[in-house]
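Okay, got some structures for you below.
Each of the next two complexes has chain A plus one other chain: chain B in the first, chain C in the second.
Right after this comes the complex of A and B.
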């Protein structure tokens, strides 16, 4: 049942460019998709370990800058009169480095904050994002500051027997995005159902017990942060090579908030949640733009969010799944009502 | 089997244990009794490696576990049944048991142990795919005990297993704990229900303000004037 829905959704996504010819809409879909990957990575932390990263955009932005600078090259002065010169590398190497560096940053942020966790992690991540934004803004020699990094090359992939293919068109970028999104989705799905995933869920549900069965809290949370940051970094790299221009505004707090909204509305702790929430809140501005004034759009955006959280408080996917399960059970007439009622209680 | 020598530890500026020494011999059921805040739970937490020691030493089967972190203590054969919420509420009964075997990687052995627990507690077998949070208090208790046994411990430390349970379930819990001892697993029990603990144990220690003030076999402590007045309500 679940597998059927997943395959159907995948087929639907794969077929989009066949019937959607409008480049503006395709563009909106690609940028939304990039944000969905970032939201999926946030969900790994927020939904499966319960840790809220309110600076998640930092890993995304670091991925974008690392990838852009790797493929553009740079020449900067270091203290002591040295110069660090980097010749341009292929963008695909930028993607790899983006994943690596973002993951490393996740490691340090995790190391700094997971000994105390909770609110401290939230604060450390916010501060981290702000510091990184200030660096991007002020280290003009490296990042061009507010002048932005421009002419970022598109990603090229080497195909056996076909030579090099540079992904310039929206259609090509759409499929690249879809491929990365599927890989990220499968990776996260594998992860949360693994031994390690059980450790994450155990920690979120009952930390005292989790420790008593031998789970190493700091190690587990740090590893989750590394993987989450690395996936966000990959999304950032896709963004840089698709939009082809990035400036420090990419680190804006509102971008993190958007990701959090996507995860919470879709359903944190559910694999499909960020995808559903992401599609709604990524495409809502596109749908509203022709029919509303800009100020009204934001109000409508907030209104939709409130309605979703009011009607489906646990997020769209978990709430619908639960209703569906209950109806199926009632149809089978075994319906242990007490069970489904009690399952709703927050632990 | 377990030997603790003069351990001192605390939380921040507060000293919780002021030099506790005790021995647990293989196959025994040893009870720690005392008032709230006396240091019973802290003793278990110190053994588990959850609270670092300021001084003192701990040995398990001759191996030094003084500075061991929780996973290593568990791997050496000591399981800790912590105080408070007993199960992972959103995981199924089966998953809860598997969590108890988190550090093991012999899938066959884990499955066999799980089946043994299901044979022992048929109620759990009937509900193995149900979320643990939907079980009754008594069923959760059996699940929690089953989970503690899933690491194949040689010593199980129970922290307040009767807390918050209905009297008939408390009775059942104590019977299960005696059964664990009779099956050859050593038990260290922290319990507020002093009378029940003293009745069932082989050896008991009374802790007051972070020190052991009285030790002996259960019957001796029950007969002791001070224990009667302060802990047995007569």
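Right after this comes the complex of A and C.
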């Protein structure tokens, strides 16, 4: 049942460019998709380990900057009169490096999460993102500061026998994005259903108990943070090569909030949650644009976040799943069916 | 040397308002365990009240400060009653996200009403600064320092000498026991949030005329307030005052001797450093609750 829905959704996503010809809508869909990948990575931390990272945009932005700088090259002065010169590399190497560097940053944040939890972890992650933003803004020699990095090359894929394919059109980028999203989804799904995923959820629900049965807290949280950051870095790299211009505004706190809203509204701790929440909140500005002033849109944005937390605190997907399970339970007189449904449902 | 003295003077003025911000947040965070993201909006709100009273209504500058304090108190009480009271007992992440939603909505409303153009407020103080040997300080900044000091003392007395303050401290220590002793915890929560908000509004009303007033001015103020709370320890008013001055000193020295671009990074670096090396704050009095 669940697999059927997943396959159907995938088929629907794959068919979108066949009937959607409007470039504006396709563009909105691609940027939304990039944010959905980032939201999925946030969900790995927030939904499965219970650690709310409000600096998640830092990994995304680091991925974007690393990837852009790798493919553009740079020439910076170092203390002592040395110069560090980097010749441009192919963008695909930028993507790989973005994943690597973002994952490394995730490692340090993960180590930190072992020391501080709850509200303090939130504040540390916000601070981390803001420090990175200020560095991107002030280290003009490397990042061009507010002048932005421009002319970032599109991603090119080397195909055997066909030569190199540079992904310039929206259509090509859409399918690249879909491929990365599917890989990220499968990776997270695989992870969550493994022994490691159970350890994460055990930690979230009762840390003392989890530790007492031998779960390594530092290792589990750090690994979750590394994978989450690496996926966010990949999303950032896709963003840089698709938009082809990035400035320090990419680190804006509101972008993290957007990801959090996508996860919370869709349902944290549910694999499909960020996708559903992401589609709603990513495309909401497209719907609201003709009827509302931009400021009013943001008021609505904040209002909708509050309403969702009041009305659907568990998110859309888990609430629907629960309703579905209840109906099923009413139909079937055998109790164990309901029990197994409930057991599968993430907390 | 005179440059250093000038930094010290600036630190005093800045530190006073930072302390106000920090006290407000440390009360809310400490007593209610709410990560209050609307604190920055209240700061902005106070500054706009100043702008309305002085520039749009043409009333006296000195009248605007009490008006801002009262308006901040009322807005804080409304936020607590409508958004936080129904969520009492839910986890800290939920209230935090609701506060983020309120912050986005209110900041966008400010932008919608007054636009993004920065506003300035005319003050009744002479243009010429007061020159004290090698350093100079404007009369407006002296007034800001004096008013902030007055508000800090009033808050300190309120918390330590009145019955309400006693109930607030009791709620901070143990909510259930306080409730058993006849403390109306709901009322304490609303009062705490209202008092904290009025202090944030006062800080905005004081610093608004020193700089310029714009809708996003509260964002950095909120983060600075968090830095101060973490520095001073949760619920610790004296710690918040000292934390406010330490942050101001770090910013002044950072801007003066490193690079002015990194002035605002000081608060974040302090947060990260304190939480890594001394997570209970510099003047720890109570256990950290996570």
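By definition in this document, the second predicted complex is superposed on the first by the 319 of 347 C-alpha atoms of A that agree within 3 Å, B and C clash if a C-alpha of one lies under 4 Å from a C-alpha of the other, contacts with A are read in each partner's own complex, and residues count from 1 in each chain.
We adopt the following convention: a residue touches a chain if its C-beta (ideal position, glycine included) is under 8 Å from a C-beta of that chain, and two chains touch if they have at least 3 such contacts.
Since this is a predicted model, take the numbers as computed values, not measurements.
**Student:** With both complexes overlaid on chain A, does A:198 touch chain B (first), chain C (second), both or neither?
**Tutor:** First partner only.
**Student:** When the two structures are overlaid on chain A, which partner does A:116 contact: first (chain B), second (chain C), both, or neither?
**Tutor:** second
**Student:** Considering only the touch criterion stated at the top, classify A:214 as touching first (chain B), second (chain C), both, or neither.
**Tutor:** first
**Student:** Taking the superposition on A as described, I'd like to know which of chain B and chain C A:23 touches: first, second, both or neither.
**Tutor:** After superposing on A, A:23 lies clear of both chain B and chain C.
**Student:** Between chain B (first) and chain C (second), which does A:77 come into contact with in this model arrangement: first, second, both, or neither?
**Tutor:** A:77 contacts neither chain B nor chain C.
**Student:** Under the stated touch criterion, which partner chain does A:206 make contact with: chain B (first), chain C (second), both, or neither?
**Tutor:** First partner only, chain B.
**Student:** Chain A residues touched by both chain B and chain C?
**Tutor:** none
**Student:** Across the complex, what residues on chain A touch chain B?
**Tutor:** 195, 198-199, 201-202, 205-206, 208-216, 338-339, 342-343, 345, 347
**Student:** Quick check on the complex: what are the chain C residues that touch chain A?
**Tutor:** Residues 29, 33, 35, 83, 86-87, 90, 92-94, 96-98, 100-109, 111-112, 219, 223, 226-227, 230, 259, 261-262, 264-265, 267-269, 271-272, 275-276, 279, 288-290 of chain C touch chain A in their complex.
**Student:** Chain A touches which residues of chain B in the complex?
**Tutor:** Those residues of chain B that touch chain A are 48, 50, 69-71, 74-75, 79-91, 95, 98-100, 102-103, 130-131, 133-134, 147, 151.
**Student:** Can you name the residues of chain A that touch chain C in the complex?
**Tutor:** Against chain C, the touching part of chain A is residues 52, 112, 115-120, 122-124, 126-128, 130-131, 134-135, 137-138, 253-254, 257, 260, 264, 293, 295-299, 301-306, 309-310, 313.
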